[in-house]
Amino acid sequence: MTLVLSELSQDIQNAVQATREEVAALHAELPANNLVVWTAGNVSSRVPGADLFVIKPSGVRYDELSADAMVVCTLDGNKIVDGTPDRLSPSSDTAAHAYVYRHMPEVGGVVHTHSTYATAFAAVHRPIPCVLTMMGDEFGGEVPVGPFAIIGDDSIGRGIVETLRESRSPAVLMANHGPFTIGKNATGAVKAAVMVEEVARTVAAAEQIGTLVPVAQEHIDSLYDRYQNVYGQH
Amino acid sequence: MTLVLSELSQDIQNAVQATREEVAALHAELPANNLVVWTAGNVSSRVPGADLFVIKPSGVRYDELSADAMVVCTLDGNKIVDGTPDRLSPSSDTAAHAYVYRHMPEVGGVVHTHSTYATAFAAVHRPIPCVLTMMGDEFGGEVPVGPFAIIGDDSIGRGIVETLRESRSPAVLMANHGPFTIGKNATGAVKAAVMVEEVARTVAAAEQIGTLVPVAQEHIDSLYDRYQNVYGQH
Amino acid sequence: MTLVLSELSQDIQNAVQATREEVAALHAELPANNLVVWTAGNVSSRVPGADLFVIKPSGVRYDELSADAMVVCTLDGNKIVDGTPDRLSPSSDTAAHAYVYRHMPEVGGVVHTHSTYATAFAAVHRPIPCVLTMMGDEFGGEVPVGPFAIIGDDSIGRGIVETLRESRSPAVLMANHGPFTIGKNATGAVKAAVMVEEVARTVAAAEQIGTLVPVAQEHIDSLYDRYQNVYGQH
Amino acid sequence: MTLVLSELSQDIQNAVQATREEVAALHAELPANNLVVWTAGNVSSRVPGADLFVIKPSGVRYDELSADAMVVCTLDGNKIVDGTPDRLSPSSDTAAHAYVYRHMPEVGGVVHTHSTYATAFAAVHRPIPCVLTMMGDEFGGEVPVGPFAIIGDDSIGRGIVETLRESRSPAVLMANHGPFTIGKNATGAVKAAVMVEEVARTVAAAEQIGTLVPVAQEHIDSLYDRYQNVYGQH
């Protein structure tokens, strides 16, 4: 049985519409922050109050991503009858997003890019070492590498979830693939996608000009605690 | 005998006009994606239903590239009487584009740039190794290097065709020169030009921070097959 | 006792308003010069004729930084009742800015960023060596590294002041953190933030392609003297 | 005796006005091509039919460079009474430009930048080796390094002229300083400034990923001859 958006409650329809607008607007952040080229990359957001999420359609250019083009999916990753044309199928990475939503109830948004430096670390299967106070703040330590996995089953989603569960980081570098990031909401996941590229670029540059000096674990803990708890409340 | 555009059938004139508009619009993608500086780089497109192609005029800046300035050529690479001023000669790379159209009937578009990282691989005669799932998708393996060749005869065109025929890749890095890309149409060739620079930049960065981990051939085959056959149909 | 802006003299209120407009406008220079992403980075300016300074609010995106959103602080780093909503607290780096204003009376503006290459030098605790005549002009020698320090007390501010007092440079690279820059006014501090990233990027590139050639001390002295004294007067 | 613009012939006044507009417009190319930050960099142009040249004023930001702000100088590098306010003095690099105009009568335009990669080669006193066909076209071989020289006498101008006279290249990398480029007119000098940064960036990237393969001298000669003589006429 396929869900039909126009048959759902008005509250859910309103929440879907608001989520579509938010996700469409957030997609503009990806090219603005030089995280994507052509049609690569995608943002999704859970729909508050429903077992649904909204994601970018497959193969559409960034300047054509209006709210109306955003695809609505169940948590199994299947598109519902959402008012978009049949030719708009959800992103080819939808199964990975859906797996995250099913297994991490605290996650409200997921982002995937192939941003240059984060993907470079992924290509050499190397975590980004915590050598910046900003990494203590945002990632609470190194940014971990997830397993090699290819599209076709749940292996990408499972790799993301298993890696993130063992880390404070909201970003995982999937091996030979690229970063996936999560957040309490889609804006948080986009912010993590921006920050992981920023620290990857900085650390890559640092390694060319000297020997990386790690931040001590006690300082990482202190930075992370303050940023997530104290700073976050103001 | 020189062809005169206004003496051809109305269908062909219409197809030429549509192709000129498409090629002019696609040229804007080159600076937008940071693939070219000044007047470097060129896009061409076969005219559907005619033994003609449309290409950028030589030495014209990107902000002056209107549809009307695009030059129409026969498959021998000679400009026809196309309504543009005589001072607008076709790109100095026209012979290479023409050679591709004559020898690869499945090709509908050709792009040439000197994009930084793809050209850097060309300067050291090194293929871009397949260390990213995105390369499996788009290139079906490594991006090959073509022979050293200079303008003046068919040697550039021949080098492009011979290299691409032995590869799944729609991009070839001509030695000491830069990338040429092909597509079923001009948009596909522009996409390949964008993607080859993207993967070249990522792989160059990766090599500075660790040891490249290749994607296994079976996974490359699987990715390429899915992307070209399954994904491509939706 | 908390200061209330609307109870201060009209002259001071006018000076505060002018400073807010200047600081808001200068924040636009940070993303325009690719020095910051998301909400990172901050500019502050001393208010002429008052023991106050104006600084960016915490956690606000760059496209929302109007003059009215700028926060007014005493030289202890405490926000006064300045007409902004309570939710707008001053930047989390405010204590460091305040420390500089208290201990360096000649300083009228302070800027902090995490710009990529300056921060890369900070991550390896390496000063930027003076290998460019432009560095002689602007920095009077190498750009020094400050101590590792984290938020919570005066240690960042103290590290900035102690390092800058022993140098001609208006920029210090705080270890594992990023650059702080000063100026006679906020524009000067922003200029120093732009220039330190520029020379960091150039020197990082230079080291990849050869052996750095230092500028002799006598030439550095000559360049610095001319630029600060002769050139500065015209 | 100081020249007064309004007392010169109407033809010269017209030529000055046209040159001012051209030079102001060309300055926009410098930030658009990422060759400069803040107020760095300058373009000058000889005034056709007069022993005068037009150059950027010192210390003015790029968004304030109108035609009326351009300064008119004699070939000795002294500002004439040109209608601009006294506070607008010519660029601090004016003496170097003037020296070039006095000693290279075939030169109609001069550009100076601190563009990142060209300046990086200058910081290590290394010519940019000719490993790209584009370098054969534009530079006729490697891009040479000029001597170390600092502001205050004719040593920068002399270093530029002596280096360029022994080379086909329109660009010289002044040691520890940055590139100076020349052209038949100012547009040509700007193009050379764009191209020298482009090839510097590409060659720097190439060296990180493999061993540079030089272009053979006979091919360089052939490329240069065709580009300058054949291609240039069409």
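Just so it is clear, A, B, C and D label the chains in written order, and each chain counts residues from 1 on its own.
Operating definition for what follows: contacts are C-beta pairs under 8 Å (C-beta built on N, C-alpha and C of every residue); 3 or more make two chains touch, one makes a residue touch a chain.
The structure presented is a predicted model; accordingly, all values stated were derived computationally and were not measured.
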Moving only from a chain to one it touches, give the least number of moves from chain B to chain C.
-> 2
If you take the mean of the Cα atoms for each chain, which one ends up farthest from chain C?
-> B
Using just the Cα atoms, superpose chain A onto chain B and tell me the rotation angle to the nearest 5°.
-> 90
Comparing which residue numbers chain C and chain D contribute to their contact, where sharing over half means same and under half means different, the two sides are different
Quick one: chain B and chain D, Cα centre-to-centre, how many Å?
-> 32
Distance from chain D to chain A - Cα centre to Cα centre, in angstrom = 46
Where in chain D do residues touch two or more other chains at once?
-> 203, 207-208
Work through the pairs of chains, note which ones touch, and then classify the graph as line, ring, star, complete or other.
-> ring
Chains grouped in pairs wherever the two touch, ordered by label | A-B, A-C, B-D, C-D
Chain B partner contacts - residues on chain A that touch it in the complex | 37-38, 40, 58-59, 89, 92, 114, 116-117, 119-121, 123-126, 148, 150-152, 175-178, 203-204, 207-208
Please name which positions on chain B make contact with chain A in the complex.
-> 33, 131-134, 191, 194-195, 198, 201-203, 205-213, 215, 219, 222-223, 226, 231, 234
